[in-house]
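In the two complexes below, chain A is the common chain; its partner is chain B in one and chain C in the other.
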Partner chain A sequence: MSVPLARRQLLFRKGRALAGVAGIAAALLLVLALNAIFAGINDRLTAYIDGSGADVIVAQRGVDTMHMTQSALPEQTATAVAAIPGVAGAEPILYVPAMIERGERRGIVYLIGDDSGGAPLPVATGQRPRLGEILLERTLAGRLAAPVGSRVRAFGQSFRVSGQVEGLASILNSVAFVRRQELARVLGSTGVVSYVLVRAQPQIQPKELAARIEASVPGVTASTRETFARSERRVVGDMTTDIVRAMIIVGFVIGVAVAGLVAYSATLSQLRDYAVLRTLGLRARRAVAVAVAQVGATVAAGFLLALVLAWALAALLPSLSPTLVLAIRAGDVAQAIVVAGAVTLVAAALPVLRIARVDPASVFRR
Partner chain B sequence: MAGQTLVRIHDLAKTFGEGKTRVEAVRGLDLELERGEIVLVMGPSGSGKTTFLSMLGGLLRVTAGEIWIDDTNIAALGEGELPPFRARTFGFIFQDFNLVAALSAEENVEVALNIAGLSGRAARERAVELLENLGVASRLHFPIEQLSGGEKQRVAIARAIANRPVLILADEPTANLDSHHGAETMRLLRELAKEEGTSVVIVSHDERLREVADRVLWLEDGTFKALHALVRDPVCGMLIDPDEAPASVERDERTLSFCSRGCRDEFLAQNTPQGYSGQEP
Partner chain C sequence: MTARRRVPVARRQLVAEPAKLVVTLVAVAASVSLVLLLTGLRRGMGEQVTLYLGKQPPVLVAQEGARNFLSQTSILPEALADDIERVPGVVEATPISQQYAMLRLHGRPVLALLIGYDAGKPGGPWKLASGRAPSARGELVLDRVLASEHGLDVSSTLEYRGAALRIVGLSSGTSGFMTPLAFALRTTVNDLSRQPRTASFFLVRPEPGTGAEPLAARIGQTVPGVSALTRDEFAANDRRQFIDPFSGPLFAMVSIAYAVAILVIGLAVYSSTAERSREYATLKALGLGRRALFRLVGVQAAAIALGGTVLGIVLAATAARGVSAIAPKYLIAISLGSAAAIAASALAMALVAAFVPARMLARLDPASAFRR
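Now for the complex of A and B:
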């Protein structure tokens, strides 16, 4: 058909069309942004593990996560692991949640005590911590107003800030590094470590090495870095899945309500036009297609606007709040497309029913 | 062209509702219409004119009877066959113009061509040609709401004749027009009928349309009445069937018929009662 009927009908009342697009965009943005926020949290959640250089992580038996988890291993475990063929290096770490304070300011961190002071993670400012020093994540350092050389407190002990690392903080928590023996002393738990970070020799696969460690060292669970990170993400995923699902439903309902209302009010105002066109010979299915195309175009425009806004948020939010990272993933975009498609189908249902039943003879009624 | 029968309607009836709510809108209608003939259907409100027009245009299913357009009985066509038949057979003209507000003048004509299967440049050129011929060339891309009543009706006429229909069905085509534009519409309909051989059925209350009609039919109570047998109510001027008049008055050995007792009473109040007697059939 040459005359773009659906487009003309849709754009005839521009204000209504824009309101519909904006409403649907807001609903889909809710879905996209929330998914992106949780994806961002997941990325940051495993940033330490991803950047630790470990191929295998050894924990107390049954433990394969760090977040909201406790693991305790005898210090000799690291020596036993290091002696296993295929192990290039085994570094024990202590890993405890802690409150870092500077005056009235405070922040929650996972405090990591290791012998390398956070290596191989790059130091952004300053240097790695020596005894009596702490390496802070940049966001937390900013929030505490604790520049390099200033002092903060943890577990009642004063530490000098030796430097800053970056990219490890999320809205849930941050990370800080101190020397392991100092953390052990502060905690009064000498002879115990939380995890052992294992580097594999080049000729052995991490999965094979993990199995070899579990077979050789009693009372441990050895996981490859990927498996460990996946478990870590699942912890947060389990906590957030219901929230995300609820928000998707809310987004869907709002989307349907907005798109449905816009489509229905547009249909009602165009009902006589449809009757006229049916009188002229337009088939019912073609009239329905025109209505569905209008709803589809509104939802598609709303989806594109939501995507642009989500990307804009992803670009802008970290500069406003460095811990709030939005990661927009293809899977989440696909999910939003599915939601948008469902919104289109549901929102178009009522108008389609009205148009399919429109009586061409009604054109003679005044 | 003239003298060839285009439309044959036989024993047409339409009933709405059932039981106590059953209404016979039209019944026993018979009509033959020749090519190029203009038939004006008049009658009081509620007489069945619109029902008749809707059935003739394939917009309303008949209860009984046949409507033949050439060799096609549209009463027997399926739901799927009616829309394309309407698109290529009929042109519709409405009192309210019924133009699609979201489309320009040119697009309103083009869309009718699109529906009938003509698209692209050919449809656009035909639409433009028609509008130019009807004197609205300068308004091709105007939104409908910016056109005058006369211009709207010319666009509506262009749309009605775009697919070269054999029959134009016009519902009160002059009702929303001033006398000048009304006369112009009448002239256009006359031209269509006499030069193009298009038959025209007009449903209207407008007495002026008698001037262009070849035949005037009176539809009342769902049936066609012989116009010569009708008399005029001396109060309101309405044409009525004296055999079914609700009230009458004897005067000077003549019977005056009224459309209602109200008109009869008004007549009696305004005329000296001596010698007159009101009657109710």
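Now for the complex of A and C:
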């Protein structure tokens, strides 16, 4: 009973066992990496909101997102909101997608026109923009080769790069800041703002303040920062759910095929061993357990390798491509564990069926 | 020698364990179909993002600095149409107001591309599945697939940016992942954006015989403050904008899939070679040359690679058809070119996969056939 049968059989051909582990790791890495990429996009998607200092975001009625979203409010909304008890500050912003150009280099950004030049987000290099200036996200500045002091164009206007912020760009988009009055002039939309960012006084809860704003100002939706960020994450989450599901299915199929192949090959080469063990009194159930343990160990090792590779990718990729951020979340790891468990069960079926049919007497035949 | 050649050793070894062969083929096919589906999805996205542009006149005019039709702001006074129409070679300049619309359906954000156009002018829905085109403020034509996904029909009402929009028609051929189309009158869209008497683009119809590129250049030189590009330029920029960000992750996924396919083929051939080392040693002892032995391994690897690839192509084509039936908003456009490329790469996969077993055979001692 103390003979480590499963381990010995598994490691009898080390190359095969390693190849199996690598294959399963690759299949599970597909699931983990894709989830991590989308989670990384989600984190960056709300980076501006998270760092804006706003407790409540006021938008056109029915609007509670910024990404790929339009919102238009009368400029007076900010004044009306500022007058509500419990509001410490109300900053109107314009928020529009725009193309930033420097020579032949181009990049799409969400261009934010505010009165504070991106405050309270910290400026990494240079200073906040004044009239005629623009604050770029570091990754885009690098891609455009636009250092502080250089000039870029947006909406046909030339802007001097005043500085850089960082940590706001994802593979989908970047962010830049200009003065609101200048952006309004360029767009020809004076008297209109996109959102009002509201700071709450310490004695009031953001949720209560949001409700108070909605009750006092007509035609607006007021969301707490947390609610707004959750809604933003849901935009990408909902768009990518089907793709993630498809990848899980593909990862599952590949995982099952690889694990099944390894386990089945191992079982075939050890059929005589099983027959010998059966004649020596090993019960069918125990033989099956040995086979399942082998598959389980291979899949578990593959899962651990996939996890290590995903961590390594998450650590390495940002230095290669700063916008490609991978975020590995506990929920996604749990999902991969479930996939791995399912792979084990299905992949073990073939060898189990084969072993269950082994005739102990076959060992005496040639 | 002749008799030996007639024994189909490779085929017999391959089919000796049919279940194992099937599992191997399925694994290779899954990897191959993953590659095809991912590249097909990328191509399909490219086709979908230019769905609207593909139906429009050959030249578009936007605010200065605009290079894309999607994901970029462009606001121009609608009166600019007169200036554009005065440019020689222009028959008509039709204003449209376009924007992404983050609709809230079933409590969830759902993205659509909302086009505001003038009744009776170009820019509206080109095919109605039911209902009629919008004729008054607050009326909407919605993509049929998007509507059916959310239980909406003609005469349903949906809330958007504080306004109640009534669906008066459903359009077909306007579905797309991230870009299903919705149409309303331009006045409706401008009201929502609080930008009266503006347009985001002008669709320019040229005189017969006038080239799109020279006309766009002429408009750019004549009308100040605009960016005039051909429809194809806008389409190419949109495709790049949408697809390029996914190229890195896609490349990584495709690489993993290829690695898995090579690994599986290698694993299958290696384990079968290892299990039959005594047989191979016997063949070697009987005088079968190294080259013939390598060929045996190579043929097995190539057969698995090609069989798996063919099965993978069939699987991917079936999956693409299934997706278009079950979830028509996704377009997986598998091209003959990509299928041919992966079939060609199957040979490379087989060569790489056969490397380890071939090395093992090269080192195999013929005398081992006689040992117990």
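Going forward, the second predicted complex is superposed on the first by the 366 of 366 C-alpha atoms of A that agree within 3 Å, B and C clash if a C-alpha of one lies under 4 Å from a C-alpha of the other, contacts with A are read in each partner's own complex, and residues count from 1 in each chain.
Heads up, the rule we're going with is that contacts are C-beta pairs under 8 Å (C-beta built on N, C-alpha and C of every residue); 3 or more make two chains touch, one makes a residue touch a chain.
Note that the coordinates shown come from a computational prediction; the quantities given were computed from them, not determined experimentally.
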Chain A as common anchor, with chain B and chain C clashing or fitting: fit
Chain B versus chain C as contact partner of A:E226, first or second or both or neither: neither
Angular separation of chain B and chain C about chain A, which is computed from CA centres of the superposed model and rounded to the nearest 10 °: 80
First, second, both or neither for A:A154, with chain B first and chain C second: second
Chain B versus chain C as contact partner of A:L282, first or second or both or neither: first
Winner by number of chain A residues touched, once chain B and chain C are compared: C
First, second, both or neither for A:R8, with chain B first and chain C second: first
Touched partner set for A:R272, first chain B, second chain C, both or neither: first
Chain B versus chain C as contact partner of A:E214, first or second or both or neither: neither
Chain B versus chain C as contact partner of A:E166, first or second or both or neither: neither
Touching partner for A:A98 - first (chain B), second (chain C), both, neither: second
Lowest C-alpha to C-alpha distance for chain C against chain B (Å): 6
Touching both chain C and chain B, counted on chain A across the two superposed complexes: none
Residues of chain C defined as touching chain A within the complex: 17, 19-20, 23-24, 26-27, 30-31, 33-34, 37, 41, 63-68, 71-73, 75, 77, 99-102, 104, 108-111, 159-162, 177-178, 192-195, 198, 225, 227, 241, 245-246, 248-249, 252-253, 256-257, 259-260, 263-264, 266-268, 270-272, 274-275, 327, 330, 356
Residues of chain A that touch chain C when the two form their complex: 13, 15-16, 19-20, 22-23, 26-27, 29-30, 33-34, 37, 60-63, 65, 68-74, 96-99, 101, 106, 108, 111, 153-157, 171-172, 187-189, 192, 219, 231, 234-235, 238-239, 242-243, 246-247, 250, 253-254, 257-258, 260-262, 264-265, 268-269, 321, 323-324, 350
Residues on chain A engaged by chain B in the complex (per definition of touch): 1-3, 5, 8-9, 11-12, 270, 272-273, 276-284, 359-361, 363-366
Chain A partner contacts - residues on chain B that touch it in the complex: 50, 53-54, 57, 59-60, 80, 83-88, 92, 94-96, 98-103, 107, 110-112, 114-116, 119-120, 123-124, 159, 171
